[in-house]
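There's a structure below that I have some questions on.
A, B, C and D label the chains in the order they appear, each numbered from 1.
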Amino acid sequence: MSARPPVAWDERSDEHLRDACGVVGIFGPPEAANLAYLGLHALQHRGQESAGIATSDGTRLHHHRGEGLVTDVFSAPLLGRLPGPYAIGHVRYSTAGGSGLQNAQPITARYGGGMVAVAHNGNLTNAAMLRRRLEAEGSIFQGTTDTEVIVHLFARSRASTPEGRLMDALRQIEGAWSLTVLTEDKVIGVRDPLGVRPLVLGRLAGGHVLASETCALPLLDATFEREVEPGEMVVIDAGGVTSRRYLPETPRRACVFEHVYFARPDSTVFGRSVYGVRRALGQRLAQEAPASADVVIPVPDSGLAAAIGFAEASGIPYGMGLVRSHYVGRTFIEPTQAIRHFGVKLKLAPVEEVIAGRRVVVLDDSLVRGTTSRKIINMLRGAGAREVHLRISSPPITHPCFYGIDTPSRAELVAAQYGVEEIRAMLGCESLAFLSEAGLLEAARDSAGGFCDACFTGRYPIPLTDALET
Amino acid sequence: MSARPPVAWDERSDEHLRDACGVVGIFGPPEAANLAYLGLHALQHRGQESAGIATSDGTRLHHHRGEGLVTDVFSAPLLGRLPGPYAIGHVRYSTAGGSGLQNAQPITARYGGGMVAVAHNGNLTNAAMLRRRLEAEGSIFQGTTDTEVIVHLFARSRASTPEGRLMDALRQIEGAWSLTVLTEDKVIGVRDPLGVRPLVLGRLAGGHVLASETCALPLLDATFEREVEPGEMVVIDAGGVTSRRYLPETPRRACVFEHVYFARPDSTVFGRSVYGVRRALGQRLAQEAPASADVVIPVPDSGLAAAIGFAEASGIPYGMGLVRSHYVGRTFIEPTQAIRHFGVKLKLAPVEEVIAGRRVVVLDDSLVRGTTSRKIINMLRGAGAREVHLRISSPPITHPCFYGIDTPSRAELVAAQYGVEEIRAMLGCESLAFLSEAGLLEAARDSAGGFCDACFTGRYPIPLTDALET
Amino acid sequence: MSARPPVAWDERSDEHLRDACGVVGIFGPPEAANLAYLGLHALQHRGQESAGIATSDGTRLHHHRGEGLVTDVFSAPLLGRLPGPYAIGHVRYSTAGGSGLQNAQPITARYGGGMVAVAHNGNLTNAAMLRRRLEAEGSIFQGTTDTEVIVHLFARSRASTPEGRLMDALRQIEGAWSLTVLTEDKVIGVRDPLGVRPLVLGRLAGGHVLASETCALPLLDATFEREVEPGEMVVIDAGGVTSRRYLPETPRRACVFEHVYFARPDSTVFGRSVYGVRRALGQRLAQEAPASADVVIPVPDSGLAAAIGFAEASGIPYGMGLVRSHYVGRTFIEPTQAIRHFGVKLKLAPVEEVIAGRRVVVLDDSLVRGTTSRKIINMLRGAGAREVHLRISSPPITHPCFYGIDTPSRAELVAAQYGVEEIRAMLGCESLAFLSEAGLLEAARDSAGGFCDACFTGRYPIPLTDALET
Amino acid sequence: MSARPPVAWDERSDEHLRDACGVVGIFGPPEAANLAYLGLHALQHRGQESAGIATSDGTRLHHHRGEGLVTDVFSAPLLGRLPGPYAIGHVRYSTAGGSGLQNAQPITARYGGGMVAVAHNGNLTNAAMLRRRLEAEGSIFQGTTDTEVIVHLFARSRASTPEGRLMDALRQIEGAWSLTVLTEDKVIGVRDPLGVRPLVLGRLAGGHVLASETCALPLLDATFEREVEPGEMVVIDAGGVTSRRYLPETPRRACVFEHVYFARPDSTVFGRSVYGVRRALGQRLAQEAPASADVVIPVPDSGLAAAIGFAEASGIPYGMGLVRSHYVGRTFIEPTQAIRHFGVKLKLAPVEEVIAGRRVVVLDDSLVRGTTSRKIINMLRGAGAREVHLRISSPPITHPCFYGIDTPSRAELVAAQYGVEEIRAMLGCESLAFLSEAGLLEAARDSAGGFCDACFTGRYPIPLTDALET
């Protein structure tokens, strides 16, 4: 037996951008924790690092948080210890605040008026500044997440109601946020004034539900009612659903990357079907950057809809040239004997029947570091591809996100460092093309307003207060 | 909080037939256990109930078995306790012998000549008869799996070599088997005379590999050499690979269901690409049973290739009308509040964009009980499908398998009880069609011989000794 | 098989008073967390519900807390994630604040001046009043433990150093406290002005140690230096050990119950050997309440030293009439078939050889509810005892403790409800006697000052601010 | 943080001889598994490495085995999966066969006549010879324990009843055995002809119990009936208890070490109270080897009764100079910073009050390697002992045991290599004395016959068939 210990392989070396979070809120049914659990399961793609649920039985709050997937963090006995008809929940990939259990959400606290819990999808751009001010006044913090700042502002408010306290807090913060908030007898949903992150309201048997994406609704037998509007606070309590606008209207700046990669294809986000937008991205890309090829294949599953669109618009046949393993977990024991492209092989396998001897167009949704793409291209050549044409259904990512997405530094963003032809040479494919910014915005367009596409353009719609100070 | 405890939902209520097992054998590399682990991971679709590895360090055997997925059963420390350059491994869905750890494989034993381990994919049809004979002679058994019978016959042989003992044993058993066998210094691969189950031989750095399917080879950086032939015993030891035929040649009767459902689409099985065969099944089905429709969608992932073939042959656009969750595990906590079609919803979600207002052709690989299909059809209607046309890319399953596949009783096989029109009415779709037997055999045809399709026809190519006695 | 599920038996039904906590502090050695772990293990008898360690690497703090014994909560990898040469630790039985992970200690926080962690043995008597004041000013709380109040007062202080902040906090709190406090580069030990709870300072290779009891020192190869004085703050940093008095001197009121039951017999507490004091209690009791008997036996292990003293003073032979199981855990599966005195039998077994046909004096340290004593007396009779004379080496417990001991309500304290003769009749023994208050104080006497014996007398030396309000 | 990883400390470095096993059998009550569990808990001192229970529901057997303590191996759900009114159980320290789950007991098997389970305390001296013979005839073995040999002989018998098969098997084996055997409807207890290992029969509500020691009876509310006689087979079934002698009577050779160390002090073994015998050993030792000293202290808990006896006979006061931790587990994380005598300190702590400035007599039950004794003597000196006089209440161990006790090789037995004075010098104490063989046998004497004391004398009463061959 070898002296070298087996090594763990971590799927996170995968190269997609990561969404920070998903949130849910449940009001009404007798076992709200179980429905929150299901809702979080449906939002699992928005965060796999930790999960948490807080409930209220009408008198006091209960919560449980843990690291891992929703099904790992919660067992039937643990859900049983979260009684009550009101609940909020959270899944998280990683945050501004770093990982670790003390940063898991929902954040809960006891304050002068009772108890409160907050779950946050997004990122504050003035959290550090607010934190320094709060610390100077004697506040203490458990972790480093900016959500804790919101809870402190809430507790320090002189307003007499939870809604009033929350509005006080919201008027002091900057950035992107979709929040679900729980008090003893209310579930509140809030979206930031620009509407960067999604949040929807649904109706379920005996109550209401809030969720980051519509894909959580069918699993709860809930029906879609409407989006929570940018700058809106939706309060659900025994009196029903009431709405108030806590900040004046501004042009919408929804995150276009929700359409490109984050959201589930069966969700409707910002009023448009995600699948439909992605298919349109692929169609548009076929027009902008055609390829002479024998087959169009997706990188599963993120490139599926765009590949179907590309195949339709180009007339080139569609094929499943790569299959995705159903059994990929977070860590894996790697043999000490070197296996080429080990990580990618665990997740993807080439189908020679589709690839061998063919000119292949490969569709992926975005390009971050380029390392995985290079391995995929090598894998396709190893399976006999005659030519490989990589098509990316979004523009080059050149700037970091400050509004709730975990982006690598600019030094690691390959498109921030190199031109398209340089990248093509590094990846080793016959051709490489990205969708244009105009093509992206046109395909994603809806009636409700504009998009934030700062990661592609550097045009940041919200001031970067903390970032500018450092 | 509700008094009723949350219920666990079990994915096995899913309605596909289940393969009994997958096997691997590794000869040569210093850490054979790690490569066996990877090989089993690649064969995980062939069995998710238990996993096991036995190794030899040249002097003695070591083994570990457990219930669950390969990545659950093995950790780096556990693999570290399986030293040596020779290994066999096994994943198992369920067996003739019932579940439980004592039936997990490989089966290991100490016998007069040393130690031996056996991993078995298939099923013996005279195991009960042999077992009674062995018990009458004083043999004791740990579990109820028929593999233990093989080990006893091996131990009782008067032959002087492990190969001789194994041949003695193989000449007494009836049924279907692909075996990997481990002794102190040999790895042996055996396939039954009709070649019902697949088994291939590959070459890897510093040695050789045996595996149920070719899809295990790339993950080990191994190259395909050839199939183990029906009735062949391949012995790998320090002297290299030697072959012997232990029973005379008979016409091949390979399991056609490997092509229909079991094998991974990127595998080559019985000399044909599984993806290629499935696509051809879909093409053929489009000719045999066309439909007037707007979109062709697969039940993911088992219906993918057939749906692509159907779309190609019919000219109807292909779409991803159902998305499959990446996070489905074995059990799930179900809320006491009834959720319609809970199990199916955890795994599949409809994409309204593709379905709403459309006439939809849904492709699935086979129909067992029909319960899941009915839920899927309901789900598609709920998402707005105007018409649903179900197409099954194999004939009606009318007979149980006795050769290593876990089939429900005839009473539970919907096609053994009802005609096609009755089933269509029960499922609630506009039309239903199965592929013909002739269409199946033609699409799967290869140069090496015939198929066993007893599950569709009741024509059993191997005597059912035990079954006829009861 | 029975339909009734097996029942868990909980050792906590045992009837001793429980100490709230044990604390340690480590300054200097490269792996302070490991030494804190050992120190907590030596103090495990002071709290078995949760354990926690916080460390500092000089720049930032790290911590881990969990429910269970020290060896359950910490593994080698977890200790590895607590780097640095400075550490504090805590074991906890239960607190004023209720159980649950959010009340586990050390409490850690980020505040305007950096990071701080606090471990607390004792109880504040004005915590509720302070908490209300803090909440009114906007402070938020994670749990319900009074230690969090100390951290808030620390964070809100305007003092410029951690020591200054701590002194500000200490001057606002009332009650009993022995604290260890950790900042980025200091370990601080504090004892309340009356010195209710013990705390000692020791020297170890490359540094210093603080611990609730001296029994933690030998396991760390540390030597005893001195007690931390009542009202003293000991600051250990790179400059060495410095001492300051933060409140004026008052007469000492050390908890006499540390000698009666809490402390380990090999500890020196308040300047006296615990074993020596207990033996003296037994000797004194033999004089105050002699018995005509054949053998003196202890209730192991709490009555051991007193029984030896009683045997010496009375001349009656000493014997091990009860043996204690080495394998008692926290929970145990109880058969549904009723077993008489199940709980006591799991822990204690009678030795007939010592008991049968004899007149037996049984020594126990204290009497709380009396339920276990009754079972022991029954067990002794079952083993053939002719007479049973129960001797308690402390006075009747008649009042609850407000200074860090978990006492049942007065309604559950048998001696608060009944006279000695009534209790004797309830227990079913031939005679029962308690040590007198005078006898207790005389046997425990040392040169440093007086004792708090409020649980025996109701004379509370510290105002019960919160209790008087309710 | 240190680069060196924390080390695990293993309590097994402790130096007592280890008993191989404890066994129980339960016949009658509805939930026999739960009573077997309790019985094994009471016998936990006889084996801490693995535990197992097999039950019968009247038709078939069920079993569960695992590594660890009884309370670790079994949970309420696991016990729930062991239905039926008949059960046997086993705890094991280590065996001739090596450790590992495949050697855990009870051994279960299916054979021609049904199912059988066997639990074995003892060791066969001709197991290797029998195994070779069985293997030559084609038998296969799962592990290396000699109990499996008994099961094979049982299965190969031509007798028509389980009792007949068992007698056939018992007449072929040599060595020491106390067995409990389970069939579909019987529980059988067997003791070897010389009666080396103990086994008793008791009566419980609704049935009967077999157990290695009487200490298991009170926890089951069972009453002692009698010892199973040497050479007797006790069969318990629906017809009641029947007895047969399967081999002619021979002089008894009970293991004297059961009295010296193995058995619990509250047990009656071979007709004598274990506590009573140990106290007599101490009294006798005080006469044989007096010491001028101030205090007699035991090494807890094994030396307790002998120390009380020594103190009584010598008139020297008894004291608890060493206290034993209640929280010692199997492994412990050791700091990389060297701690002197770490292992001993985790388990034992000196009480300075008893030791400092005194001449101390320390009583231990036996001396194996001497390493722990040297650490204890050092510890006592560190606590201020003026003189240390070590007294061992048994003779020097000079020979290995072949009858079920795990002894180190002669090279590791300090008394097989060195004289008493040499050992004294190595241990560093003022005087060292062992009890004489005559003193031991006289103190342990009972009316039933002689003892095996081969470990002290090398006089082996049973042929060492296997050992003589190698």
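In the analysis below, contacts are C-beta pairs under 8 Å (C-beta built on N, C-alpha and C of every residue); 3 or more make two chains touch, one makes a residue touch a chain.
What you are looking at is a predicted structure, and each value in this text was computed from that prediction instead of being measured.
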item	value
Of all other chains, the one whose Cα centre sits farthest from chain B	C
Chain centre separation (chain C, chain D; CA means) in Å	36
CA centroid of chain A to CA centroid of chain D, Å	60
Computed distance of Cα centres, chain D from chain B, in Å	49
Chains that touch, pairwise	A-B, A-C, B-D, C-D
Chain B - residues contacting chain A, complex	1-2, 5-6, 8, 29-31, 34-35, 37-38, 41-42, 44-45, 57, 69-71, 74-76, 79-80, 82-84, 205, 215, 218-221, 264-266, 268, 273, 275-276, 279, 301, 304-305, 308, 311-312, 317-320, 323-327, 329, 332-333, 335-337, 339-340, 345-346, 349-354, 382
Residues of chain B that touch chain D when the two form their complex	108-112, 135-142, 144, 151-152, 155-157
